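Listed after this line are the structures, all set down as C-alpha cells.
Each of the next two complexes has chain A plus one other chain: chain B in the first, chain C in the second.
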Partner chain A sequence: MQYGFAGSVLRVDLTRGSIEKHPLSDELARNWLGARGIVARTLWEEVPLDADPLGPENRFVVATGVMTGHFVPAGSKCGFGAISPATNSHHDASMGGHFGPELKAAGYDYIVIQGISPKPVYLFIEDDQVELRPADTVWGLGSIDTEARLKNELGESFQIATIGPAGENQVHFACISHDFGRQAGRGGLGAVMGSKKLKAIAVRGTHAIPVKELDVLKEGTKAVIQRTKTHPNMAPWQRYGTSMFVGWANERGCYPTRNFQSSYFEGWEKVDGPVLKEELWVNDKACFGCWMNCGKYSRTTKEGRYDAFVEGPEYETTALCGGSCGIGDLRDVAYANYLCDNLGLDTISGGSTVAFAMECFQRGILTSADLDGREIQFGSIDDFEYLVRKIATREGIGALLADGTRQAAMKLGGDALKYAIQVKGLEHSGYESRSLPANLLGFMTADIGAHHNRSWAVTVDLELGRDNISGKAKHVVYLQHIRPLWDILSICRLFYGEIDVLLEDTTASLRAITGWDISEEEQLRIAERVFNLTRAIFLLRNGGPGRQHDIPSRRHWEDPVPTGPEAGKHLTREAIDLLLDEYYQARGWDGDGHPRREVLEDLGLADVADRLEAVGLLGKTMPWPVPSTRGEMMKPAAM
Partner chain B sequence: MRLVLQPEKCTGCRLCEQICSIHHFHETNTKKAAIRISGMFPDPGHYRQQVCNQCWTCIEVCPTGAIVNQEGAIQVIAEECIACWECVESCPEGAIFVHEEIDYPIICDLCFECVEVCNTGALTRGE
Partner chain C sequence: MRGDALSCQETRVKIYLKAGGLLKDKLHPDIDQYTRALKVTGSPTLAEILESIGIQPGLVAFAMVENRLCRLDYRPKDGEVLSLHPPVSGG
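For the complex of A and B:
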C-alpha cells in the first residue's frame, strides 16, 4: 500500500467494452505525483505520434493527484487530459468541485480510456462496481441538464463529469462540466470524450484514503485554516471571488476588449464584482475542502428574454464573453456564461471565438452572407447566442468556427490570422498583454497554448516595469513550475497566490500524507520534468523549430493599444525574439526552443532525449551553459 | 449545547464532513461523517445540512437502549446496538447515517470539531 493514494487504476477500452483494474505503479506515483504528471506520462507512453486526437488511439485520462481528497487546503482537484484537437499535443485541464475526491474514495487514482464506443455510453463507478451504461437518455442534453438528470437517477451523492452537445459534436473547445459550474475547460477535452461516445462519468465512493500520519495532517491543516481566516485577502475573495479583478485589470489596462483590440473596456464598472454580488448573486459555492469559497452562484434574468441559474461569471468569463465580445451588461454576460456551460463550451475559447467572428465581420472578412443574413456586432447578446448555438451544433458558420480561431483563420485567409488571438491553437486567457511582456511570454511558451494556468506573470511586469523586456524570462520559468505543481499535487493554487498558503505548508502536508520526504526543490523539479516532457510531445507531433510555434498574433507588434491607461503601447517583433532568447536560455533549451540533452537527463528523461535526437529535434549545443537551476522566484521589492 | 445550522451560509465545502470522519473514525472518509451536506442545483442553488438536532426520537425508538443522552448529546453504545436501524428510519431529519464498515448508526455527538473549521458561520455553537 502506498500512503496517500487509492492504489488502483481503471483501464477502459470503449471499442471492446472492456474494463480492467490494475494496481498503481509505485514508480509512477513517486516520480510524477499525479494529475498532469500522470496524464503526460500516459500520453507519452501510449499514444502513437500520428494518432488522431479524435480517433480511437487517443487516450482520455482522468487523474487525481497525491493530495486529492485529503484534509489539505482545497484538495479538490482532478486532472483531465488527452491529445488536444485544438493544439494537437498534450493537454491537461485541472477541475475543482468534488469529482476527484469521490473517484479516489471509490478506490481509483486514475482512469485511462481508449477506443470508441459503438453507442453513446456513460461510465458508472460505485466502489468496486464499474460498468459502461447506455447514455441514450442523456445524449443530446446540455451539461447542466445531464448532471441534474443523472443525479436524480443515481442519487445526489454521485459526482458527475459530463459533456454537452458541443462535446458530442467534437467542437475543439468543448469542455467537461461538473458540479453545476466547475469545468475542465480548455483544450477541447470535451470533444475527445464526444469522439469516444462517452457522455459522462458518474462516481460514488465510500472508502478512506490511507494517510501515514493523520494526526499530524489534521493539526497542520487546522492551524493553516486558523492562520488564513483573518488574511486580508480572505474577505474580498469570499465576497466577490475572481470577479473582483474586472476593475483591477481595467485600471491597469490589461482587460481584453473587442477581441483584444483594446486593453480597456469603457463601462467596465457594469460587469465588475460588486454588480455580481448585489444584483445576480444567489449563493457562495466552494470546492471540496476550500474555506475561501470563491465560486459565486447567480441567477440572471431579463424579462421576456431569459431566466437562468449559473455559477459565475468568473473573471475569465467576464473578460472573454464580456469585454472581448463588447458585452457590457453583466446579466447578458451571465447568460452567455450559462449558454456556454449548458452547451458544453469553454467560456474562454468560446468567448474568444465569438469575438474573433465579430471582428472578422467588422473588417469585412465575414459578411452577412456567411451568417444567415445577420449583421453581427460587438455587444450583442443575441449575436453571441446565435454564434454559440451554431458552433455547438456545427451548423452554418459554426462548422468553420467550431475548430477554433486558428483553424478558422487559416481557412478564411487574408489578415484573419492576425485576429485569431491564440498560441499553438489555444486562445489567450483574459489578459491583454501588449504592455505585459512577461505575461505574454507565459502565454507564448505555455506547453498547452496561451493559458494562464501555467504562468500568470502580470505582477512580474508590474513589479519590474511594464516596458522592460529583459530579465523577466527566468521568473516566467519559475511560475511555469510552481503553478502547475499545484495541479500535479491537486490542490487549488489560489490558496498559494492569494492567502499565503506556502509551499512549506503543503510540503509538510505531503510528508504527513505519504511519509515521503520530498523537498520543495524536488517538487519543482517534478513540475519541470512534466513541462519538458510535454514540450517534447508537442515538438514530436508538430515538428520544429519550436520557436515558430511560440509566436503570438502579430497584433502585439503591429497595432498600438487604442484606448485606456496603456494607450499607444505595443511590443516590437524584436522584443518577442528577445523574450524567447532569454526564456530558452533560462530553461537550458537551444535557440530553436528545443530541450538539450543535459536538461532532459538531469530530469530523468534520457529516453525523451533519445527520441528527440532520432528525428533531429534535440536541442543543439549552445554557447551558454545549461543552468543548474532553471527558473527563479521573483522576490517582491523591499517595502 | 447545540449545533446551530445556517444553511444559507453553507458553501458546500464539506470540511465539516472531513473533520468529522477524521475525529470519530481516524480516517478521511466523508461517508462516515455524522453531518451531510447536499447541494440543491441548478435551482434553487442552496445547500442542505443534515445533522442531529437532539430531538431524541432515536432514543425513544431504540429497542436495546443503545442510544443515550449523555449530558445533552447523543452517545451510541456500540456494544448494545443490534443494527436494526429503527433509529435511522425514524429520524425526522434524516440525520442518522450508516456505513457498511460500521455496525452501528453514526450520529452527531456535539464534539464541535466542525465548528472550528467552518469559515462562513454556517455551523456555530449555541446554547
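For the complex of A and C:
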C-alpha cells in the first residue's frame, strides 16, 4: 500500500493511440514526492537530449504530488511539465483549482504523454475508463469556450485542462487553462500540448486515496484551520487576493513599467486592489481544500467595446499586462487578462512580449510597416488586443513575437536583445529589479528562467539593504529550495508563507498521510536534488558555460531607473558577476555554474554527474569547499 | 525649547499593531501572539511608528484598520487596531 498516492500511472502514446496503466514506482514516490520532482525525473530518463520540444519524443507530464487531494490546507496543486520550447529545457508549472485532486481521485498519480496524434484529440478519464476522443468540435475554440463546451457535454463534475488557439499554434508562451481562470501558465507547456494535437484532458474520479493515520491528519488540519481563521493576514487575502500589492510595489519602486523601462507607474492607484474589489469584483473563488478564497472573479465592461468575465486580474497580470504595457485603466487590464486567458496565453510572458513590441516600436526597431500600418503605443488596449490576436494565430508580426522576446530580439538584431527582459528565454515576472539584486539573482538563476515561483527575494533585499550585493546568494539558494518544495508537495505556497502555516505543519501532515518518517531537512534535500537535476538537463541541452545563460538583459547595468522612488539606481556588470560568484559557491558549483560531483553524489545523482562528465560539463574542482548545507534561511523567514 | 513646548501640548494615544507571518517576530507581540500595544505621542504616520520600533516600513505592504485598507502615510487614532501585512509574491 502506497499511502498518500493513488498508486497508478497512465502512459499515453498519441502516435499509436495507445493507453497503458502501470503501478507507481515506490522509489519515485519516496525520492521525488510528486509534481515537479516526477516531471524532472521523467524528462531526465525519457527525453533524448536532442529531442525537439515540439516533436514527438518530448514527454508531456501531468503529475500530482503526494499531498494533492488530501485533507490538508490547499492541497490543490497539479504539476505540468515538458521540455519547454521557450527555454529548451525542463519546465514545470503548478496549477491550482480542482484538476489535480480529481485526477488522483480517478486513480492516477501522474500521466506521461508522448507522440503526436494524427488528428486533434482530448484525453477522457473517468476512473478506469480512459480513452482518446476526437476534439474536432473544440479545436480552434478559446480556452474558456472549450472548458464550457466540454463541461456541457460531459457534465459539470468533470475537471478540464485545456489549451486555446495559442497552444494549437504552438506559441512559445501558450498556457494550459482550467476552472475558467487557473493556469499552468509559464514556459509554453500549452504549445507542447498543441504540438501533440492534444486539446484537453477531461477527468472525473470517485476513488478514495489511502491515508496512513487519518485521525491524526484530521485533527492536525482542524487545528490549522482554527489557527488560521483568526490570523490577521487572512482577511485581506480573502478581500483583495494578490492584487493588493500593486501599491506597495510602486511605493518601493519595483513595479515594471513600460517594458521595465521604469519601476514606478504613475497613476498606479487606478489599478490597485481596492479598485478591483470596488469596481470589477463579482465573486470570490477558491481552489480545492482552501478557505482563503483569494481568487477574484470579475466582470469588465466598456460600452461598445467589451463585456467579459475573468478571474483576476492578479498581481502578476496587473504588472505585466498593466504597468509594463502602460495600461492604467483596470477595466482594460482585466480585458487584457480575459484575452490572454481565452486565447491561451500566459499573461506574464504575453504581457511582456506585447510590451517588448511596444518598446521596439518606440525605438524604431519595429515600424508601422511591420504592423499593418499601425503605430502601436504604450497604454493602448486596442494595440494590446491587436498584438495578442496576431501572436495567438502567428499571423503577420505575430509570427515573429510568438516565439517569445529572446528569439524575436535575435531575429530583429541591433539593440533589440537589450529590450527582451528575460533569462534563458523566459520573461521576467512582475518585479523590476535594478535595485533588487537578490531578487534579480533569483530570476537569473532560476532553473526554468526568470520566474518568481522559484525565488522571490525582494524582502531579502529590503532586509539586507537594496544597495548591498554581497551576502545575499545563500538566502536565494534557500528560497529556491523551499518555494519549489511547495510545488513538489503540491500545496499552495501563498497559503503557507503568509498565514504562519509552516514546513513543520506540512511535515506533520505528510507523515500522517504516508506513514513515512520524513524530516523537514529531507524534504529540502529533495527540492535541492530536483534543482540540481534540472540544472543538469539545462546544461546538457543548451551547452556550457552555465554562467552565460544566467546573465540578464544589459538594461540592468546600462540604464538607470528614470523615475520613481528608485530613480537613478542600476546595477553594474561587476555586481552581476559577484552575485553569480557567491551563488555558485553557495550551491557548491564551480565558477562556470556547473554542479560538482561531490554535490551531485551527496544528492543521490551520481548518474547525472557521469553524464555531465562525459561531455565536459561537470563542475571542476575549485578553491572553495562544497558547503555541507547549501542555502540559508533568513530569520525571521522572508518568503 | 520650541520642540519641548510643542511636545507638551501633544496628546498621547494608544494604538494596537497586529502582525503575522514574517512581521510577527519583528513586532514582538505583548498582548497576544499577534498584537502589541503602543503609546505614541502626537500624530505620527504609520511609517514613522514602524521606524520607531525598528521595523522597516518597506516590509509592510499595507495595513488594515477595521476592514479598511490604509497605507503607510496613515495617522492612527487613539484605540485603533492596525493589522500589518507583509508583501508577497505571486498571483
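Simple rule for what comes next: the second predicted complex is superposed on the first by the 636 of 639 C-alpha atoms of A that agree within 3 Å, B and C clash if a C-alpha of one lies under 4 Å from a C-alpha of the other, contacts with A are read in each partner's own complex, and residues count from 1 in each chain.
Keep this in mind: a residue touches a chain if its C-beta (ideal position, glycine included) is under 8 Å from a C-beta of that chain, and two chains touch if they have at least 3 such contacts.
Note that the coordinates shown come from a computational prediction; the quantities given were computed from them, not determined experimentally.
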Checklist entry - Once the shared chain is lined up, is A:Arg252 touching chain B (first), chain C (second), both, or neither of them? => result second
Next on the checklist: With both complexes superposed on chain A, which partner does A:Thr206 reach: first (chain B), second (chain C), both or neither?
Outcome noted: first
Checklist entry - Touch check for A:Gly289: first (chain B), second (chain C), both, or neither? => result first
Next on the checklist: Tell me the contact category for A:Leu494 with respect to chain B and chain C: first, second, both or neither.
Outcome noted: second
Checklist entry - Which of the two partners, first being chain B and second being chain C, lies in contact with A:Gln422: first, second, both, or neither? => result neither
Checklist entry - Between chain B (first) and chain C (second), which does A:Thr64 come into contact with in this model arrangement: first, second, both, or neither? => result neither
Next on the checklist: Considering only the contact definition stated at the top, list the common interface residues of chain A for chain B and chain C.
Outcome noted: none
Checklist outcome for this item: chain A contacts chain B in the complex at 69-71, 98, 101, 105, 144, 148, 156-157, 179-180, 205-209, 211, 214, 218, 222, 225, 229, 234, 238, 282-293, 295, 297, 299, 309
Checklist outcome for this item: So, in the complex, the side of chain B touching chain A is made of residues 8, 11-15, 18-19, 21-22, 25-32, 38-39, 41-47, 99-101, 116-120
Item to check | Residue ranges of chain A in contact with chain C within the complex | outcome: 231-233, 235-236, 239-245, 247-249, 251-252, 273-274, 312, 314-317, 429, 431, 452-453, 456, 458-459, 462-463, 493-494, 497-500, 635-639
Checklist outcome for this item: In their shared complex, chain A is touched by residues of chain C numbered 18-22, 24-26, 34, 56, 58-59, 61-62, 64, 67, 69, 71-72, 83-91
